[in-house]
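Chain lettering (A, B and C) follows the sequence in which the chains are written, and residue indices restart at 1 in each chain.
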Amino acid sequence: MTDQIDAHIGIVTVSDRASRGEYEDRGGPAIREYLDRVLTSKWVEVPHVIPDDKEGVASCLRRLSDEDGCCLIITTGGTGPAPRDVTPEATEAVAEKMMPGFGELMRKVSLEKVATAILSRQTAAIRGGSLIINLPGQPKAINECLDAVFPAIPYCIDLIGGPFLTTDESQIIAFRPKKK
Amino acid sequence: MTDQIDAHIGIVTVSDRASRGEYEDRGGPAIREYLDRVLTSKWVEVPHVIPDDKEGVASCLRRLSDEDGCCLIITTGGTGPAPRDVTPEATEAVAEKMMPGFGELMRKVSLEKVATAILSRQTAAIRGGSLIINLPGQPKAINECLDAVFPAIPYCIDLIGGPFLTTDESQIIAFRPKKK
Amino acid sequence: MTDQIDAHIGIVTVSDRASRGEYEDRGGPAIREYLDRVLTSKWVEVPHVIPDDKEGVASCLRRLSDEDGCCLIITTGGTGPAPRDVTPEATEAVAEKMMPGFGELMRKVSLEKVATAILSRQTAAIRGGSLIINLPGQPKAINECLDAVFPAIPYCIDLIGGPFLTTDESQIIAFRPKKK
């Protein structure tokens, strides 16, 4: 049983400007507040604010997965079409399995709000015992995307051997299939 | 004209436990029953029950396509995020063309039933004269997914040079564009 | 400011028969008429009609991007499952970034009309300063797909450093986020 271990969750803000201190990181805090509000099981944050550099993002994701033992790694930023947007490529570079359903659903819910949601290339992947999810940079979009995919996250982490996450069911109902 | 040839259809259950006989294969029979109910043209089943091993699944898919001449190969199981789930990777390894629309639509219809549908990485691909489609393992999900994509299957098989499949239109209406 | 430069837009009909003159190209003209109707900023067409050959399509896309400086390159045809359909593979071969949201949305809107929409493998990608978008071959499907994705195209081109496209808002409202 691994359900007594505090979940380590990586929160990675990918932004040239935020990493240089020219810009206040708003994505990382939005993810932290979301997890504080939704998770009832204990968790420990492993935060990073790094530039939009593909190899740097990939290194950070590898370390959070392989050394820090994060069951969940959430990135914010760097998912668009601009030359410096490389978060999906970094995620794919470290992935053992791609999880296309996350990106599809997040784009679908964002598209109900804004036509440019199709420009977000956000994806998700499995590396070892870690689920890595890309989110956009805007706090509002972060909340919409997490609301859409969070019901599936705890069971996904069960399947990759991670800690048993529980949620405040007034916020998010974690779906787990009934035992057979 | 190839419409007098019986269609060969590969049905591949990918499951460590079923392949060792520890678990009754329920996915393969669910696919067989579905095809019996829906297809009115003659078809011959080429069944396999194999473990969750990427190279083994890829070999099986290659043989069904290259040697057995299957126009359609349907897999069940091995599409999730767990370490042993490798069916999509095996499918991609043998693919000449990926068919992303199948996975997108199957996840969409499954998502109407269950939030964890986004964890299914099921895809589809073309290899030579074969359309390969990944389905999940649960019989109920198998039926929902096939109902969603089956209307497009006969025309897809036309386009890759296969036999002319016909369906019981009270069950599934096969869509083919009108001749110009 | 680059908003005084006329936008160069590549229109690439991918069709063995049209390239041999056996078949009238209807896809290219449908795209041209669409852009004439929707764009109010000045644009210059760079048209090609080429066979379904992967390396040939890739070369054409590279030239339109690297030499002709097209901010937008729209292909029509070659997106299906048939052996000669290779436009998505050619697009991926020249891509620096894949843009999965375009294909997802175009298949979704086409699927509301016809079950075989899932057979279209159309995608989109970024190469340098160019957004490349695959469309199907049928004029009706071309219009449906462009209606779905066009609201996001001008902002995408802003993000990759291209000219400032404007639209006739009675036709298409180009979405751009408000300045902060």
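The rule is simple: a contact is a pair of C-beta atoms (placed from the backbone, for glycine too) under 8 Å apart; a residue touches a chain by one contact, two chains touch by 3 or more.
Fair warning: this is a prediction, and the values are worked out from it, not measured in the lab.
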Query raised in the report: Viewed as a graph of touching chains, is the assembly arranged as a line, ring, star, complete set, or other?
Result: complete
Query - Rigid-body rotation angle, subunit C and subunit B, from Cα fit (steps of 5°) - result: 120
Query raised in the report: Once you find the CA centre of subunit A and the CA centre of subunit B, what distance in Å lies between them?
Result: 31
Query raised in the report: Residues of subunit C touching 2+ other chains?
Result: 100, 104
Report summary line: In the complex, subunit B touches subunit A at residues 80-83, 85, 88-89, 100, 103-104, 107-108, 111, 114-121, 123
**Report entry** In the complex, subunit A residues that touch subunit B
**Finding:** 97-102, 104-105, 126, 131, 149, 151-152, 155-156, 159-161, 173, 175-177
